[in-house]
Amino acid sequence: MQRYPYPQLKPPAFSWDRSSAPEEPKVNEWIQTLDPGSIEKVDWPNYHAAILGVPLSRSSISASAASENPDAMRRAWKYFTTYNLDHEEDLLEMKVVDLGDVRQHVTDIEVCHTNIKEAMVSMRTHHPEVFPLIMGGDHSITAMLVKGWKAVHPDERIGILQLDTHFDLRDLADNGPSNGTPIRNLIESRVIKGEDVHNIGLHGFFNARSLKAYADEAGVSYTTMRQARKKGIDTTINEALAQLSQKVDTIYFTVDMDVLDSSYGPGVPASTPGGMRNDELFEAVYLAGRCPKVKAMDMVCLDPYKDRGEMTTKSAVHTMLSFLTGLKQREME
Amino acid sequence: MQRYPYPQLKPPAFSWDRSSAPEEPKVNEWIQTLDPGSIEKVDWPNYHAAILGVPLSRSSISASAASENPDAMRRAWKYFTTYNLDHEEDLLEMKVVDLGDVRQHVTDIEVCHTNIKEAMVSMRTHHPEVFPLIMGGDHSITAMLVKGWKAVHPDERIGILQLDTHFDLRDLADNGPSNGTPIRNLIESRVIKGEDVHNIGLHGFFNARSLKAYADEAGVSYTTMRQARKKGIDTTINEALAQLSQKVDTIYFTVDMDVLDSSYGPGVPASTPGGMRNDELFEAVYLAGRCPKVKAMDMVCLDPYKDRGEMTTKSAVHTMLSFLTGLKQREME
Amino acid sequence: MQRYPYPQLKPPAFSWDRSSAPEEPKVNEWIQTLDPGSIEKVDWPNYHAAILGVPLSRSSISASAASENPDAMRRAWKYFTTYNLDHEEDLLEMKVVDLGDVRQHVTDIEVCHTNIKEAMVSMRTHHPEVFPLIMGGDHSITAMLVKGWKAVHPDERIGILQLDTHFDLRDLADNGPSNGTPIRNLIESRVIKGEDVHNIGLHGFFNARSLKAYADEAGVSYTTMRQARKKGIDTTINEALAQLSQKVDTIYFTVDMDVLDSSYGPGVPASTPGGMRNDELFEAVYLAGRCPKVKAMDMVCLDPYKDRGEMTTKSAVHTMLSFLTGLKQREME
Amino acid sequence: MQRYPYPQLKPPAFSWDRSSAPEEPKVNEWIQTLDPGSIEKVDWPNYHAAILGVPLSRSSISASAASENPDAMRRAWKYFTTYNLDHEEDLLEMKVVDLGDVRQHVTDIEVCHTNIKEAMVSMRTHHPEVFPLIMGGDHSITAMLVKGWKAVHPDERIGILQLDTHFDLRDLADNGPSNGTPIRNLIESRVIKGEDVHNIGLHGFFNARSLKAYADEAGVSYTTMRQARKKGIDTTINEALAQLSQKVDTIYFTVDMDVLDSSYGPGVPASTPGGMRNDELFEAVYLAGRCPKVKAMDMVCLDPYKDRGEMTTKSAVHTMLSFLTGLKQREME
Amino acid sequence: MQRYPYPQLKPPAFSWDRSSAPEEPKVNEWIQTLDPGSIEKVDWPNYHAAILGVPLSRSSISASAASENPDAMRRAWKYFTTYNLDHEEDLLEMKVVDLGDVRQHVTDIEVCHTNIKEAMVSMRTHHPEVFPLIMGGDHSITAMLVKGWKAVHPDERIGILQLDTHFDLRDLADNGPSNGTPIRNLIESRVIKGEDVHNIGLHGFFNARSLKAYADEAGVSYTTMRQARKKGIDTTINEALAQLSQKVDTIYFTVDMDVLDSSYGPGVPASTPGGMRNDELFEAVYLAGRCPKVKAMDMVCLDPYKDRGEMTTKSAVHTMLSFLTGLKQREME
Amino acid sequence: MQRYPYPQLKPPAFSWDRSSAPEEPKVNEWIQTLDPGSIEKVDWPNYHAAILGVPLSRSSISASAASENPDAMRRAWKYFTTYNLDHEEDLLEMKVVDLGDVRQHVTDIEVCHTNIKEAMVSMRTHHPEVFPLIMGGDHSITAMLVKGWKAVHPDERIGILQLDTHFDLRDLADNGPSNGTPIRNLIESRVIKGEDVHNIGLHGFFNARSLKAYADEAGVSYTTMRQARKKGIDTTINEALAQLSQKVDTIYFTVDMDVLDSSYGPGVPASTPGGMRNDELFEAVYLAGRCPKVKAMDMVCLDPYKDRGEMTTKSAVHTMLSFLTGLKQREME
């Protein structure tokens, strides 16, 4: 018996009643939010994926507002329906929860990194059946997240599939645990082996020769953007997934949004010409989503302050949704 | 007995627990939102003001996205604390509720206008003790809101204090109930008398001579921006309030954000050079807030798509908060 | 015997003498304008196409300034010569007239829609030999234009070829005759059959599952962007034209500029990643122009206020000119 | 007996019938355009002012698109009514004609400059009763226009009132007849005397000490922005006009739009902080318009490509209209 | 005996020969750069001021690229001559050196802060006769720079004159040594007394009530923007300087560029409406430069990535040059 | 024995010590700058290429700030390493020198053009073994540079390979030696033969039919963008190079950056839809770099003031580096 005196009003968007099933469900209506007051009642096993924001970019070599990306992506969810017309899949049939953001310290980056690692430890410990999907933050967080995984699964062999314009193999002594070093960090701390890393999307003049030498020495595999286009992006990604799947127990999939050409991805700290197109990226992540060995995914280095009209942010949300489409086909079919 | 597995997380911003009293309360944390499920329990008499969004700009003569303003202002609340240092007043001591938005029809503007009028009727009928504060929308809504007021208070003499670059006295036959005609609409429908309107901020070449002639004939008062600067904006506004207060029962206060000079207010459909500065506007609305006869207020014609870096949106929020500072001094002191 | 005292002057651009044949004719010099004073002397049968602006976007679901597009396109004509180097065709050999804009009402959308329908009725009645080429406006106008066609040609079976990111099959009860509903409007008012609609360019997460279900039930055909790229855009369009041509008398060709990827078409109310490229769009419309059954064309949903450096507007003008190239080859060769 | 088949159409804006008197006349409808075919029938003595565009900015020291300003200003006329509410003057009572643009050479700046000088010669020779009002172009044109005036009126003593951030007294040997040298050019070619120049608006660190020394030696007067604010902009301008009026026959009034502070005038090749506000500029030019000795006026150095949302262009149009308001009061009252 | 084969070339700007004395010296030609190879030959006592860049903004609460400001300001020096026309002072007569930037660590903010403090220690130790002028960086650096001063001059009583929209008195426990806490940091570490701080420019809703309470308890003085405008900015600043000068040995002068109104200073992480104008700021810092007790100065929190057309950066350079004008009058006259 | 008192400082970027070999050499650290004081000691034969800036765009038909491109490209060098990962070539093994800019006159374009021609004469005379690589400026400079080449090598048959949206064959009588005429200028002054010109990238409606007729008559070859895409950009370029190599002694390679589609190249005076992609351009210039007959190269018509986030400037630098990659493989392998 409603006595609301305003039949002509609708409440503010942020208190939208999610229980109603609209005709055209949008992603912001579908993804659930944890109610802090009833966390103990959550039925974790029924969730397919949990989204975690990591608002850290103090650790970026270039000035970056990638810390604003998790909220920017959340704000852009409303532009997307849950239905993928290309693959005729409705994500509404999956259950996905937004866990919120990892707490960050204002001036102590080490504390931030510890919190990030611990967040992954908690996720893997408390509900290992839920797929972790992380919205960064800069690329430094990947090292922490993989370390968190390793801490819970010490016997697993972990591989990395990386879409990136850069190797991220810079020297830790010079650059600290920043966004230039996560892969080297993982190799040198023996969390992963160099031979279990495959990078797709490198191109042009954006990696020093010394890094290519390091990659070769460490056994890191890579396919340049130019090679991937000649071979076909789908063949490239499928081959990389197949090779890694033979070797490792878990593939951690990391997408640095700077892999996009600057015409498609202006919103990254250092956008570059010669990179990937949107359609190539969406195809690649869809295929990765289908691979059973891919067990966690992050998207990093998107700076919404540099974006134009939310176009890169929308590409990132589409990337996440394309990945989830693959994940749904893997898990539910 | 909390079992939340993520001590290192904070939940997404939109589910923020408002009961906690932070050290530095922000406007978004202070303004309350109606819970549709418990509307019957609301203790209306304790509220000082109710904020209503009117997302209508289909009725604008120039193309406008002023429909996006209510949400844009809400998003910008987080940039402001509740404490006004200039006047040493903390708005936290007031209770203000955000009622959400008036429902709009996609293609029938008349339905939209009826809903807006009815929203004011509901507010005045159900809790007349709460001050209505409206975030437009284009200026056409002012006519509907005042008509709603009049419907509930048929015996009141209503005056208008208007901050505007334009008279808004265009011919209804040519322009319909659009953002060019609200004041004429009210005069010609005999809801108000021309002599009970005072416009401050007119300037330059933005009103046809025929409108000035109409204003003179209808007895509309006005002070141009140039006159107001010579006399002092505070004297100007106080004199206008005093004159109106002697004549009318209720002053409806309407602020067209296009009154700002284009350097301060780029985010209006047709920004103009020669207008008001931010400090002048904030002083004016603060003084209006203190006047006991001012009983409703709207802010209109802000198009966030034209804004730069949210600067006009922030000016609008500051305008609302400066007004509330005056309202608090009137009501609580 | 000229006594003009200023040999060193050239008159303002908008009074340019069109009779002079410059070496490098531009589109703005070629397209003729009706002289209201001598309309009765127009030799209609000699015209190949008539351009009509429809400055309506109040009927758009999202806030849109597509009403400004006809003038934006006209202003951009000066950037284009009349000569298509790709196809070695000079449009100068065609006669094309700009009829101006359909009159719109400020606050009554139904009046606007009636005017649009009547404009098509007038065109088909008074000079049916001239090809109608419409610059919208939002997509709601397509329903009105096709209804106008049907009113004059009640026995024709009309098909639709649509380049679009969306189905435009939303429910009329909820959305009115807006830009989300034109195709459904035409189907449900029995002006066209669902099976006579073919949509090319759908992609990603921008259509609800319920709309796909409606499309299937109504028999609407479509080729997604992903399928079109695999098959080739030229094969896709030619097959769709061939199939429609077998069934219908008239193909109405509608191009929603939001079919472009956001990197190519930032100037639409809701640009999306994953869409068409410029070269694909120009090839598609050229081929449509060549098809004898295509008898009218519109371009909609371009919002010049959202554009960057007129880039989407230029794409729209190029779209129009590429279409006219095909039309010329069809009509004059 | 009209047989126009489209009652629902309005013709394209650029063929608007100017004879109809609308309720709210806009500046673009009021300013007349010369019809090249009937130039001999023009009744020159009835015109109060003639507007001339000078689309030259190849002669600018910094890269500039001031050549685009005349058309940018023309396009912005539509935003202004003819009625000045501040002074209750309707410009509609004046007759003003737009003569179009001075022809420019693509690669020979000397030819451009000769054409500009000759345009002024023609104007002064053929209809000396019409006030010349020039839309530049960069500041180099002022030297040519004043030389043209001098060629027709060799016995007149000409003074300059200049609103500018710069002296424009750079050395011709280094800089040629560019936008850095027009005043020195006029002094050194003995067209004017240094003592007959008064510059208002200089400020900050934008003039070399050597130029200040040259100004002092040449007897050039100036009032800095800081001094003008202390004294009052109206007093400053009136004193300068009074002093010049005592000495010279003709005051040529030149407004470099870079006199505006960068917050008000972003659209100049090198905008600077610390300059004039819109309201100060409009008051200054209004007062200059009233002075009987002011006989020609130009506005220069506005680069519409650098502008934001046409805000500086609108300031320039307002500047022109404020000046015409003063001119009207001088001539018609 | 030059054999350079290119008489028609000029070398790249960054290898410009500074020994040549141009007619119109620009600031970038005047400020000297240390040659690392001949540092021992520097004649320190002859320098009046040394400029130091502090490219740190990882310690900013909001995402900020203030780290890019030192280079942005250096790039903008070329827009300014050395001559201040308002005060008829040529800075060329002073000797100023650019020492470069303090080295920063990528991921350890504590190391960054130690380096900053040590840089001030080195300056005060090695050449105490040279005035330190610092280009930040975010406001956290002020605490480090003052601590460095205190380390070398332990017996001095140090006061702070602050132009700022904020108190910067947030709790260190919550916010660390970030840009929200520098003044509190200095008070609580007993480097300064609260009563020796005077803040000018506070306004509106940008400081929590708790911070105002802290300020009052700690004895911090302040003049709001509104009070300063009523009293006159020059009187305000002179009174504050006089009061501080009576109490302290050294006034450290810190200018947070966010004190500017958002129309003048878009390039700060959180620009606000209601702030200072350019002309007010330039007058204030000029007067501070003249005060003998002012012995160091910094400019902070300018984020060039948020700037529009370098306008805030130019305001910052003008701020530095206006201050140096006062310093010159104090030191050389 | 260093006595530098600031171990924690690094000197300003522009005095960077180039002798140190960093781990990740950037292009700005690798390209050498001529020291005017020791020009006689330069070991020219050891240089592979010399970069020359030509800051001229007064000769552009459309308003252009291409004069700012040389410095814009220099500023963007820092974003690129010297290592080309696609081809596994390190440019560090080449020696490249930046000669600075050709001196330009402010108002006399003919003097500018003479200087440009003479610069090429000097280069070819003094050190013919060094490859000239020119950063324009507008396209008018190409005619001057080729004329300079011809003056030194009168007996050589010179061909042109041109990547361009335009023929650049406009009539010199109308357009002067501007950016619309360089190829016609060279043909009509008999420096080259029409049959020795091959243009790749023409498309759409951007060339008048008369220019196509002129091209055919003069024997100019061309491949449209559409044809090149069907044939493959690598095949296209290789065939053109092979055909020209058979006929001529020297191929002058000119890249008009307007060949890029407007989504990739917004920073040109008149960007167009339908042009080249970044990956196509980089492949094309790499292949041109490998061709032994290609002996000089320029990049023109990039206007950094129109660019967005330096994206076109970065494409230009990448173009230069991709070309140098080919040049290195030709010269050093």
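Order of writing sets the labels: A, B, C, D, E and F. Residues in every chain begin at 1.
We adopt the following convention: a residue touches a chain if its C-beta (ideal position, glycine included) is under 8 Å from a C-beta of that chain, and two chains touch if they have at least 3 such contacts.
The chain list, named the UniProt way, goes like this: A, B, C, D, E, F = Formimidoylglutamase.
All values derive from a computational prediction rather than experimental measurement.
When each chain is reduced to the average of its Cα atoms, B sits farthest from chain F (Formimidoylglutamase). Summary of the copy comparison: rotating chain A (Formimidoylglutamase) onto chain F (Formimidoylglutamase) for the best CA superposition needs 120 degrees, to the nearest 5.
Its interface matching that of A-E in over half of the contact pairs by residue number, B-C stands out among B-D, A-F or B-C. In this assembly, the chain whose C-alpha centre lies farthest from chain A (Formimidoylglutamase) is D. Centre-to-centre spacing of chain A (Formimidoylglutamase) and chain B (Formimidoylglutamase) amounts to 42 Å, using the average Cα coordinate of each chain. Here the spacing of chain B (Formimidoylglutamase) and chain F (Formimidoylglutamase), counted between their Cα centres, is 57 Å. Each of the following residues of chain A (Formimidoylglutamase) touches two or more other chains: 174, 263, 306, 308. Within the complex formed with chain D (Formimidoylglutamase), the chain B (Formimidoylglutamase) residues making contact are 170-171, 174, 202-212, 224-226, 229, 261-263, 266, 270-274, 306, 308. Every residue of chain B (Formimidoylglutamase) that touches chain C (Formimidoylglutamase) in the complex is listed here, in rising order: 57-59, 61, 63-65, 67-68, 105-110, 140, 174-178, 180, 305-306.
Looking at the complex, you find that chain E (Formimidoylglutamase) touches chain D (Formimidoylglutamase) at residues 23-25, 27, 79-86, 88, 90, 92, 263-264, 278-279, 282-283, 308-309, 311, 314-315, 318, 321-322.
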